[in-house]
């Protein structure tokens, strides 16, 4: 039975290791799309719920699948398959292929593993693996921009990991168990909830923790951006679902903060995204914005446990929707970039338009469904917030539309660079696959999601008026990406400098004193010794000693 | 009313102390040596006053006579030496003297606080004198009661002669350290006359030691004087070929003494426990051997270097 | 006031004079003499320790000790003098 | 059945080397074989005596069967047997080293001819000191030792050696005469000179004076700071085996007498004990400082002797006047440790000088010749002198500090620690020279300069290191016959 | 169940006897030397495995030899000893292979391997010491045995470093001697007994017990490189790579840390220590060290110095875990003893490979080395990530337990401390990884040494230890994993109800 869980993880790991051997590389590249296949199969075929334990692994690991994680596993695997296929076209045989492949495969392992992990440590292990391996994906281009983005990325990753570690440790200690299921059902303290939310929010890219996300997406090569945006940031959501006591415990404060930041995120990200001129960065901001929606849902869930079952279904659906659509958009951008001829570009643009529309919430698409379902689900939540939420949600459709338009324009102006070897035809298959999956999501969802599909099916029709308001929001575009201005390289020095200075000062002082002492130490004994032997003080001491002992003894007689 | 003898003692004592001081402060080194000889003789006189004729004799013969000879010989060799040792600063000297004065005060205090005339071991010696084999108590102590000390004392002499042989290698080109050439004929004739007489005196002293003041050391010293005269008058000149013999004579005392001491052990006796009926014989035997040894050793100490040193190795180290 | 007392003090005086000489003198030959004085001083002390008021015979043991001491001292003196001679020779050669 | 006459080992250990010396003096050409033979014989006899003490407790021989105080008794208790065993053992190994050092091709025949008789007489004198129970006898023995030691000092005949030997001679004679005057005061007061008489005596001014004189005399002979001025030059300029003997064994004899007298002569006052300890501190500091400055290897080792002697005195004073009854153990153990290690060190230094051709510390690292085994021996000996476990030096320091701590004399602990650090400092100067390799002009060969002669220092060094593991039995043995406390 | 068989002694004697043989071997008989080295190391691993098995069955070995009245040399194989001895056995084997490869053509190999063996013997002795006195003995022996290794190259710089090393460690040894004496005087024994021997004393004279603790910790802290006694460690980096590896991973610093464990648990007993407030003080000291070491590591450009500062920081995790007075933290601490060992040894060996193969000693020159030396750098990466504390690597396991232990003991401040430290770890390790993997190799400057291919003897050991890092973390719950073994130990040190 264990093999079922081990294989999806083992296969990519094994392939990564085999990359060491040059002879195996072409073969591995050929297998790249298939690396996530076992995971997909597992998601599709495994009976739910399912669990196994590996007591020896890492303080007792356990793996399993439930309804939610099965869905996550499914779309994640799908995305990785598509990205793998694209990557094969994109990189195979280029100088950087080895590093990319290893990081890609390790990140894949992490991403898949965290979904099937059922205990905190295993989860954390895979989460970290994914985060750190992705660094290699981000800086793949080795350009200045890529390194800047990578540094920003890694700084946030570390921040997130630390928060996560602390949160998990606290939570596990509070729950007295390391099983995620126990964590979810136990009473969670405010602190650990905050830490967990913080850790995962970094991954989600919720403002103000989003700084890493757009640059990273912009800098990473297309296949990497696809998984980063499509699969990996969902891990943040998944993490929250997996660890927080959603539906059992109300954490109103946290919920409030989440909702507020989510709301802000939705719009601010759009405003920031509009001012970008790199299409992939624009897509990145779009992801941030979308994640704001998800944060909204989460916040609501935190405030009102009762609404959670509905919210959960919506959130899962939204995740799947965004994953597929965003993945398709990125791959499409790549496809566009790889085109050399005008006709090809037009064709590619048409292909890209489909997921863009889906994302913007065109009627009958998963985007529209998701928003409506969220609205109805939020209706079960907090009364006070509801009006604002409805407004916000509605406007977000507008914002996303604007952003997609911006994406189209920038894509046309500055298509992402594709390696010369990239064959457009090769990318078509994977892109089309994802586009179709994104488009077809509303139709296959009821079958795929089973019980979780109910709220989606029940969602009402979409409103179209928000489009009108879109223009006014463009005013916010002047809020440019000022936040990017601050470089992180100063950070390190600023911490270390005072310490170094104090230490150096102390060392210098000690050295000076020591030199002086050494001088005296060298000279004094020489002089004293010289004098003593010259004056024969040693002889004098004989008499002195006798006198002293005599005096001492004389005192003794009295 | 002061006892005139005591007055004499006081004057003698003062003279001895002043002589001691003079010895150390007198400029001329020859005068210094002469004064130290005088000092030794006065001390011997004082010891006679203290009823210690054996000691006085030993001091006169060895402590004064032979030491004086040694000093003179050395003085001859190093008299060319300029006074090139810078004296200590006055302050240091004053401090030293002050401290020495304090030492003196302390010791005198302790001495005055101690009653004289403790019983000591005199009674024990007298009680056991009969078993010792000799009649003279000092000889009994030396050769029987504390024979071990005496043996070791002879060992000290042996060490000294070995050390002197090793240290002193003569002067490669410098004149021989003898008084020979300057002494002229008179001393030679004097020596011819005097030598047999001294020899007889030495033998007598040895013999008489068992019952009256005198004994191996005094006898040996007198005989050593014979040797020294022989050397001075160049009647005898040490040759490298004489070395084995000389070595033999040097160790004779120690070897004989030790052999007797060890051989008497056994049959329930411990080392140095002479069988009662042979005690006198054995002691005489030992004394004879030791006297010979002492005489040869002291003469050799006077002569200094090993005979071979000049002829083959010179002053080379 | 007795002979023993007088010569005891004499001995101590001689010893301390010798001691002082040994401490402050620089001429090697003189230093030997200073030590010689010390030894005589120490001898005085032992002889005085043996001394008894006249009718009584003195204790022979210290006498024997002093005789031993005298012989030991001449041995040491001989070695010291040999060293002085040797040093003189060496320094002589050294200067040439 | 004839009963074998029981051999009196006490006399034997004194007379055997004496006989050897006579023979060696008589047969100059065979002196080395005679010498080694005599030392081996003495060592065997010493072992027999040790066994006897082990089985029967303290052994006494009244020489001439008079018995103290009229006659002289020889007595071996645990302490004296230990020191005697140390003397013969170290002496044996140094003799083996000397066989090489004075071999035909290395040294003039003269040295060989005189070394052996002098050394055997020295051995005789040392054993005599350890077995003696009579003050005057101790004086005579000390003279035997000092004359022989001076002879050994000037064995090389070099001018520095002679100069140092003369200074040594003056100090030695003066020390002995101070002792002799002390003996005079004792006789004046007590009318006897044996230890038993001392032990029974009540305090008196004469004994106080005697104590002062004897302490000063012995301090001079044992080179206690600030009376140490003669030692460094004498030990540094002698030939290596002679230095080893002088430093390892000769100073121990007078130290031993101090140890005995401090117990027998008078109950020591707290101030006097403190004074002794204070002088020890001075010795440690001054000796170490000079060792840090020394430019020659052997001079450094000699200065370290000054420092180590200081440590022995600190050990003696470690727990004040009340602790003296136990403190001698620490002092004795340190003496033992120092004897063995210092012998090893001087022999090793000699070997290094022999192989490299000089002993300038600064230039040790310029030599392309690296006498590895000698260097190793030096290092091992240094470990023991520094007092790192499990060496004998460590055991001594442990007892020192333990006693000081139990009695609350923290200053002695501080002193010990400072002494340790200083010894590390000055020895590491040398070790650094051994281990530095970037200054020599030609390449260093491997495993150079090994010789059979390295066996002696190496064995000694290993003993110094390993005997610490046997410290408990050694201490138990030293306690046999209640060296201090019961009647001697 | 106590057993007086000689097995521990034999384990001690193997390297001890190998040492003189190795020292005496001529320089050129490399084959024989390697055979002896590896043979001894292998035999030792096997014997240690056997010993571990016996000890896991509940056998305690106990050998005694009286040195001074009442004072024994005592070899005792208890579970805690096994933990350390197993580490030393395995890493000795690996480092030996590495050292053979590293010093293949260097000078003084006989000396090197001789003292190397001696150093291992000292480590074994430290592990097996059944009382503080024995511990002290081997502690000093370790100092002396490592000194020639530190100054192996015999250059002026090496000697200067060696002197500093000697001053610190011998000074520490001296202080420890004082502490041992104090313990001996206070408690009349220096034995390591679970639960401690100072209970009564601590009640009677708490001040003395506290002072003694300070003295002991200073003595041990020198080797464990606790701030402010750490300065020797970065300086000692002039030593050859295998030495740095062994010194920092196993022998020296761990000896100090191990001693702290012994003192807290088996001299004072955790309850006594807690009652006297000693654990808190120790924890604070450890915390300072952890942060300070990390911060200083940030500024270092020399690879080995950076690693050394990292060691300063990491070793204090052990002290921290011990001081937290919680069984869970104790497990973390003990596990970290092992985990830090295998991780740090990997890092140092790779650093050695970089210096040896590419002539690279600075972080700033590490650009692109991952592409040149992928195997070694992969190992480096694993170990570095482990140091940061990423799962499933070994470092994570220990940090997790430390954190959990801190919470368990109600010491919440441990969490931010660990986080901060991890953050700093990341800040100094990740740039190295970044350069290694994601930068293009620099164009070789004129004076760059020629690249030499490194042999398998250099490549395999770090790979092996990196694999251990993975296995120790990944299979932390398997029987006989370090973590499981620490559980075993902790059950002995804490009374049963603590669980």
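Note that the chains take the letters A, B, C, D and E in the order they are written out, and that residue 1 is the start of every chain.
What we mean here is this: a contact is a pair of C-beta atoms (placed from the backbone, for glycine too) under 8 Å apart; a residue touches a chain by one contact, two chains touch by 3 or more.
For each chain, UniProt lists the protein as follows: A, C = NADH-ubiquinone oxidoreductase; B = Na+/H+ antiporter MnhB-like protein; E = NADH dehydrogenase.
Everything quoted here is computed from the prediction, not taken from an experiment.
S.K.: Please find the path from chain B to chain C through touching chains that uses the fewest steps, and give that number.
M.R.: Graph distance in the chain contact network comes out at 1.
S.K.: From the Cα centroids, identify the chain that ends up most central relative to all protein Cα atoms.
M.R.: E
S.K.: Taking mean CA positions as centres, which chain lies farthest from chain E (NADH dehydrogenase)?
M.R.: For chain E (NADH dehydrogenase), the chain whose C-alpha mean is farthest off is B.
S.K.: Just grab the chain with the largest centre-to-centre distance to chain A, centres being mean Cα coordinates.
M.R.: So the chain farthest away from chain A turns out to be B.
S.K.: Which of the chain pairs holds the record for C-beta pairs in contact?
M.R.: B-C
S.K.: Just how far, in Å, is the C-alpha centre of chain C from the one of chain A?
M.R.: From the centre of chain A to the centre of chain C is 100 Å.
S.K.: Suppose each chain is reduced to the average of its Cα coordinates; what separation in Å results between chain B and chain D?
M.R.: 30
S.K.: Whole-Å distance, chain A centre to chain D centre, using C-alpha means?
M.R.: From the centre of chain A to the centre of chain D is 76 Å.
S.K.: Go ahead and note the Å separation of the Cα centroids belonging to chain A and chain B.
M.R.: Comparing mean C-alpha positions, chain B is 105 Å from chain A.
S.K.: Counting only residues that touch at least two other chains, what does the list for chain A look like?
M.R.: Counting only residues that touch two or more other chains, chain A contributes 536-537, 539-540, 542-543, 546, 550, 554.
S.K.: Name the residues of chain E (NADH dehydrogenase) that each touch 2 or more other chains.
M.R.: none
S.K.: Where does chain B touch two or more other chains at once, residue-wise?
M.R.: 88, 92, 96, 100, 103, 106-107, 109-111, 116, 118, 120-121, 125, 145-146, 149, 153, 156, 159-160, 163, 167, 169, 317
S.K.: Would you mind giving me the full set of chain pairs in touch?
M.R.: A-B, A-C, A-D, A-E, B-C, B-D, C-D, D-E
S.K.: Quick one: which bits of chain C touch chain D in the complex? Just the residue numbers, please.
M.R.: Residues 15, 18-19, 22, 28, 31, 35, 38-39, 41-42, 45-46, 48-50, 59, 61-62, 65, 68-69, 72-73, 75-76, 79-80, 83-84, 86-87, 90-91, 94.
S.K.: Once bound in the complex, which stretches of chain D touch chain C?
M.R.: Chain D reaches chain C through residues 136, 139-140, 143, 146-147, 150-151, 154, 157, 159, 162-163, 165-166, 169-170, 172-174, 176-178, 180-181, 183-185, 187-188, 191.
S.K.: In their shared complex, at which residues does chain A touch chain D?
M.R.: Interface residues on chain A, with respect to chain D: 521-522, 525-526, 529, 532-533, 536-539, 541-542, 545-546, 548-550, 552-557.
S.K.: Using the touch rule from the top, collect the residues of chain B that touch chain D in their complex.
M.R.: Answer in residue numbers: 106-107, 109-111, 113-114, 116, 118-121, 124-125, 128, 144-149, 152-153, 155-156, 158-160, 162-163, 165-167, 169, 244, 247-248, 250-251, 254-255, 258, 262, 265-267, 269-274, 313, 317.
S.K.: Sort out for me which residues of chain E (NADH dehydrogenase) touch chain D in the complex.
M.R.: 23, 26-28, 65-69, 71, 73, 107-108, 110, 136-137, 140-141, 143-144, 148, 151, 153-156, 159, 162-163, 166-167, 170-171, 173-174, 177-178, 181-182, 184-185
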